[in-house]
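These notes concern the structure reproduced below.
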Amino acid sequence: MNNELLESIKKLSQLEGFKDVCHEQSNNEPMPSTDVLKEIVQLARSILFPGYFGDSAVNPKTMMYHIGVNIDRLHLLLVQQIKAGMCFNCQSGMKSQDEIEQTAGRKAIDFIIQLPEIREKLHTDVIAAYNGDPAAKSFGEIIFCYPSIRAISNYRIAHALLKLDVPLIPRIITEMAHSETGIDIHPGARIGNYFTIDHGTGVVIGETAIIGDNVKMYQGVTLGAKSFPLDKDGNPIKGIDRHPHIGNDVIIYSNSTILGNITVGDGAVIGGNLWIDNNVTPGAKLSQNKNMSK
Amino acid sequence: MNNELLESIKKLSQLEGFKDVCHEQSNNEPMPSTDVLKEIVQLARSILFPGYFGDSAVNPKTMMYHIGVNIDRLHLLLVQQIKAGMCFNCQSGMKSQDEIEQTAGRKAIDFIIQLPEIREKLHTDVIAAYNGDPAAKSFGEIIFCYPSIRAISNYRIAHALLKLDVPLIPRIITEMAHSETGIDIHPGARIGNYFTIDHGTGVVIGETAIIGDNVKMYQGVTLGAKSFPLDKDGNPIKGIDRHPHIGNDVIIYSNSTILGNITVGDGAVIGGNLWIDNNVTPGAKLSQNKNMSK
Amino acid sequence: MNNELLESIKKLSQLEGFKDVCHEQSNNEPMPSTDVLKEIVQLARSILFPGYFGDSAVNPKTMMYHIGVNIDRLHLLLVQQIKAGMCFNCQSGMKSQDEIEQTAGRKAIDFIIQLPEIREKLHTDVIAAYNGDPAAKSFGEIIFCYPSIRAISNYRIAHALLKLDVPLIPRIITEMAHSETGIDIHPGARIGNYFTIDHGTGVVIGETAIIGDNVKMYQGVTLGAKSFPLDKDGNPIKGIDRHPHIGNDVIIYSNSTILGNITVGDGAVIGGNLWIDNNVTPGAKLSQNKNMSK
Amino acid sequence: MNNELLESIKKLSQLEGFKDVCHEQSNNEPMPSTDVLKEIVQLARSILFPGYFGDSAVNPKTMMYHIGVNIDRLHLLLVQQIKAGMCFNCQSGMKSQDEIEQTAGRKAIDFIIQLPEIREKLHTDVIAAYNGDPAAKSFGEIIFCYPSIRAISNYRIAHALLKLDVPLIPRIITEMAHSETGIDIHPGARIGNYFTIDHGTGVVIGETAIIGDNVKMYQGVTLGAKSFPLDKDGNPIKGIDRHPHIGNDVIIYSNSTILGNITVGDGAVIGGNLWIDNNVTPGAKLSQNKNMSK
Amino acid sequence: MNNELLESIKKLSQLEGFKDVCHEQSNNEPMPSTDVLKEIVQLARSILFPGYFGDSAVNPKTMMYHIGVNIDRLHLLLVQQIKAGMCFNCQSGMKSQDEIEQTAGRKAIDFIIQLPEIREKLHTDVIAAYNGDPAAKSFGEIIFCYPSIRAISNYRIAHALLKLDVPLIPRIITEMAHSETGIDIHPGARIGNYFTIDHGTGVVIGETAIIGDNVKMYQGVTLGAKSFPLDKDGNPIKGIDRHPHIGNDVIIYSNSTILGNITVGDGAVIGGNLWIDNNVTPGAKLSQNKNMSK
Amino acid sequence: MNNELLESIKKLSQLEGFKDVCHEQSNNEPMPSTDVLKEIVQLARSILFPGYFGDSAVNPKTMMYHIGVNIDRLHLLLVQQIKAGMCFNCQSGMKSQDEIEQTAGRKAIDFIIQLPEIREKLHTDVIAAYNGDPAAKSFGEIIFCYPSIRAISNYRIAHALLKLDVPLIPRIITEMAHSETGIDIHPGARIGNYFTIDHGTGVVIGETAIIGDNVKMYQGVTLGAKSFPLDKDGNPIKGIDRHPHIGNDVIIYSNSTILGNITVGDGAVIGGNLWIDNNVTPGAKLSQNKNMSK
């Protein structure tokens, strides 16, 4: 190791260089860990779809033991990561170690007791995917092979955590599914039952989007924001309702972009490659005017 | 662990809650395992492109030993996973353990003996990628860096398994490449030699698509279905020929969508961002009419 | 193991079958290893964004030790992989083992001493992402959750290696980010500060693209080549300047395709789903003429 | 890799060279695996002494789940290894694959249902160790720190398997404890309750030794064979009763050697460094005549 | 999984069956973990003998970084395990979570600041081993190959923890060295500088033994207790001074047993295979009267 | 991390504190690595006793591939570790990097080509163990369960390396077997064929010991040095012939100690617990005069 390297180490270790992006966790907690969060997602999936994720030899007779052990570990890791998330955001450290511990413990339990309900919702998504795709041979194939199941599982988990006011962790969890599937659903979106996305690569669903029951999307669909109102300093105002509201029984074909705080009415069918930034009436069928030169 | 958690474990373990999506494998076999299937793909890639995947220190003198050991392990794991796939689908359990064992063993061997031929096809794909991209410096760079090689490798492996009537496993294998590359090729598609996809994110190739020799695609291209004929119960009829047939020497530029059981003739060039749902004559050059407002 | 398998091993081991795609490294070095390159990227990220990547318990007091150990290991692995990259390309073996060793060592150090500067650039990218997204709550959330940070980190690392004339390795590194994020940036592109990509799946930035400061892109944007001039043998001429030059303060909305060696002027705003292959004047606001049939 | 190495590979691969020590398993089963047997021992210990071995966070409320999962895995691995052991010994292959499968499955269950009883015996050993050592602070310290608990656990597991006629596996299991603790107990020995060995390094207990209840030994004690009657070919006759029978309430101090098919009566105390090859009467106190020259 | 197994799980999960040997940790802490304690020992050894243990590529220029990172991790793990040890012993739970946390943190630091001194002592042990063995070629060979260095390292670490009143952990640490080397040193023993044990298998050094400076032992030597005074209930009285005190410059040859609270004077030489239970005068040379029958 | 810890890091990082025991490798090579040496031993055992060590599914048909891959990796690692060993000892650095590389490469090959011969010798040891133990059921059981096979394998490997003048590595390898089995054989000893050690814990065989063919030992036997002639500075003279020479067909029973450069004649039988420091005539049968007080 020569002196140039020693010099680089020194430079890279100077607080001034990284203080803006470096967090000193309050209460000396470690920061959230993406490795542990990966294990959390893997555990949750093993509980929601046993055999498909985690131990492939599980069977109905031993189910209870496997779920018990997975819940036990999930609980342990969740408390730890929720604490890390809370300390990451509340740098002022106004809460005592004990309060944080207790709050994190409460949130972890409040999340886990929702798992049966989350599982029910996910089963409706499996049914929707099966019914919607002529290439699907069984429910099992859907769970094993359809990226939308992974993306929606992470979304439903993250959404439940977000509603419990867990900071940061929900976004990391949906981003993991984005990396895995190319489907980017913000945990803040509200999505009904029987939701399915075919293929899915490139799908974006924004923070304040609302999606009804029985909605189907294809790859490349964006539910995005059209513009960001700025505050007096010229920065975007955070948290404004700015994404589409999609009704029930809507189909959106591939690569269409739906922008702004508009409404797409129940039963609408939106063709592929469209750019929509106005309300769509219920039952409307939109498709592209083709203009090609040969 | 408090009582709320114990209650959740109980609820999540009740058979009624998961019986529809939970498979009890026939013959007490474990379910297919995505972890083992990942190893199978890794082994197959190490055999097809030694040095690029697997042990980076392999060289021609020791090649035979490495391939021998990899085939030995591939065979062991394939038999196991093919059995798991067969038991997953034939829940009626009409076959005896012995028949399943024998059939799976036969299919595994029938797959492995096709590897030399699969490798030959993949070499034509490497050549096509090299010839088609001015940024490529060598065949080696193609194999190391081009996601299409990974996606097409998985497709060619999965297609061979599907032709051997191996259930479920082929779809899981192409979906692994989809997650890794953003390229989603159904194992049922039939694809000729010298096939290449540049960049590739968002590409979708459907179950009954047919692609000739020497075809090149860019990112975001969809070869999809236009509509799904429904049976009398209103469910999509499975297995109908519903995707495009692409001729030889065709180029399809980025983000174009080609839908339905249509034909794209030999030598056609399809520009980017197009939406095609009618036959394209051989040699046609299609491009978008631009309509922009400034 | 039956005779059919032994036969397959023999066939797959014959040099004729793989000689075109198989590299015999000069100087008996192993080939580059994607596993080691993954560790290199993980180390570099741990150095550039400590706590977010790598050990989540690092804090300012222990920062120096962690960075020191990470640099030490990064240096070791980089020398090894740069050597492997050099031997992969210069098959003629004109350099002695000693020269290669020395050159690789020099390049590794020349790369590492740029890390402080790379970190500074990346911090501008974090700021740009934060300012540009109303959904972002803190710099920390950006680093943890935004795929563009991972893609741009890999790009900035790979670009620095490419400028040092390291062969092959830079392309593998950006391709790793492509697989992880769906964002495909060629290491040869030149990109200014305060660069951000929202969502990002499907973005493609070509080898000779130039991007100014303070540019923002959305998912699905392509900066591609329009055509490849062929040499007298009909092969594409490698290395020609063929991608767009984007000015400062430009915004490009989702799924737009910008092709060829054109210029997009400072302050231009390019709407979504557009297909651009002519120069765009500074300050221009382009958007799609909608043509929909209901 | 030069030709000398290739030549060595060839020589080492010739069947003549290793046929005597190489087993071709009947029924194409793999051989027993010491790695899997290590996991089996670890699982059994986790079930017998939860928290001390395996997951250190287990507690009475979650005990059932952890034991259930561990039994599930133990069962799976045991069936596999018992089969491997049976195929290793019955090279004649007189049993069908189905018979072996069924027999191994039966033996695995017959072993597991003895675990509650084995645990009870081991608890008497913990009590004996605690009562016998003034340095011990709690039962927990005994389980964590005393090598005799590990050695006796493996012995009691192996003895139960041996009584079920499982070949080979029991010896491998006690040898694992020998390597770990220096205590070498043959699985064929018969040992009563409340057995303890202090320190233990160098202890040897032979195949046909019998030990009563409440016996205590120190390091270096041998219960060995004195001579091996030879058969007409001059080979030792296998399986003859040739080791000591130790009564109840006996103490044997360090490094004493007790040889042959003799009896040590109830309540005897045998001093250290003695060499005994005759019966010892009940209640006898033996010690060494010291003979030292200064 | 059949009903017999389910029955076994039930039996093994009943609290009555394991309540005596099962610890419910106070404050819901997990129990000490032997896996974590193994990492602790590995870290401490890497700090005390860098390069020999841990990363073999460390060198003086990077030493500080490696030691810093190792101390950081050692501290983290030690606090956790000391807490676990404290909760294991003080079942009454009289201390609050906060007090335990603080006390454990203090003890961890008080241990770590002794490491420089522990290293100095260990260096004297290396010198003694080198000087005492004609087969040793260098200090480095001693550290790499001599089991006594591993056993004495663990002892010196454990002794320091014991003096800080850390419960349980010290015993587990010396027992790890016992398993690794066959040398069993109780952490309560007090041992001077320049201590060496050649070969070492079977050595036992009891809890209240005292050893001066510059003492050398061979394999199989026991410094044990002769008898255990019983309390009125017939149980051994814990903690009484019952082991030998060995002076300075003493040599004890292989397999000798020294028992009871006796004194071996400075400069004594005790031959092999002896049984000593009386004081030995300074400078005495004891050896065995040989009595052999041919 | 508080200031006391930072202070400790500083102290522990000061060169003065560790310079005597710290090696700065010449030529900037890393030090030998015990982890890599463990893999080397594991590879060598997998080659010498395939199926028993390493992959348990190997069979005669695939043997060649497995041995080829194992030799390939063994060669790679051996060259690296032999270099590290050479740099560890020749601190003067008189050899160039190239010479060391070449010499290490030569030694690695010279070792590997001896493996067939080493295997033959080890097979004689297996036969001897089988013939000598009435408890042994098959050759396979010997290889799986007898610690002497592991200890003698490591010894024969290490002895071959030592004869090739490889520094340091041989001692580390035999010490690994010492830790695993309690049998401590110096790599310098010369040992004939058909050698076996029963149980083995506590056996010590010194550097200059010579053992004939067909010798059998039991646990606790020492072949040691009696005294170490000192040089004029009072240090032991290194390398002098100081251990026993054992003839052919000798049996040495448990815990006997044979000291000094004496000769034990062919066919001698040495009883247990004896202390021998004079020549033993061929065919002699020695046993202990028992002297016990009751």
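So that you can tell them apart, the chains are marked A, B, C, D, E and F in the order they are listed, and the count of residues begins at 1 in each.
Simple rule for what comes next: a contact is a pair of C-beta atoms (placed from the backbone, for glycine too) under 8 Å apart; a residue touches a chain by one contact, two chains touch by 3 or more.
A quick note: this is a predicted structure, and the numbers were derived from the prediction, not measured.
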Partner chains shared by chain B and chain F (touch criterion as defined above): C, D
Furthest chain, CA centroid comparison against chain F: A
Distance between chain centroids, defined by C-alpha means - chain A, chain F (Å): 57
Averaged-CA centre spacing for the pair chain F and chain D, given as whole angstrom: 26
Interchain centroid distance [CA atoms averaged], chain A/chain E, Å: 51
Multi-chain contact sites of chain B, meaning residues that touch two or more partners: 1, 9, 57, 59, 62, 64-65, 67-68, 71-72, 182, 201-202, 220, 255, 273, 288, 291
Overall pattern in which the protein chains touch one another (line/ring/star/complete/other): other
Touch relationships between chains, expressed as pairs: A-B, A-C, A-D, A-E, B-C, B-D, B-F, C-E, C-F, D-E, D-F, E-F
Partner chain C, residues of chain F touching it in the complex: 1, 6, 9, 59, 61-62, 65, 97-98
Chain E partner contacts - residues on chain F that touch it in the complex: 1-2, 4-5, 7-13, 15, 17-18, 20-25, 28, 30-36, 84, 88-89, 167-168, 171-172, 175, 178-179, 182, 184, 186, 188, 201-202, 204, 206-207, 220, 222, 224-225, 228, 235-240, 242, 255, 257, 259, 273-275, 284-289, 291
Of all residues in chain E, those that touch chain F in their complex: 47, 49-53, 56-57, 59-60, 63-64, 67-68, 71-72, 75, 109, 112-113, 115-116, 119-120, 123, 126, 131-141, 143-147, 180-182, 199, 201-202, 218-220, 254-255, 272-273, 288, 290-294
Sites on chain E touched by chain C in the complex: 57, 62, 64-69, 71-72, 76
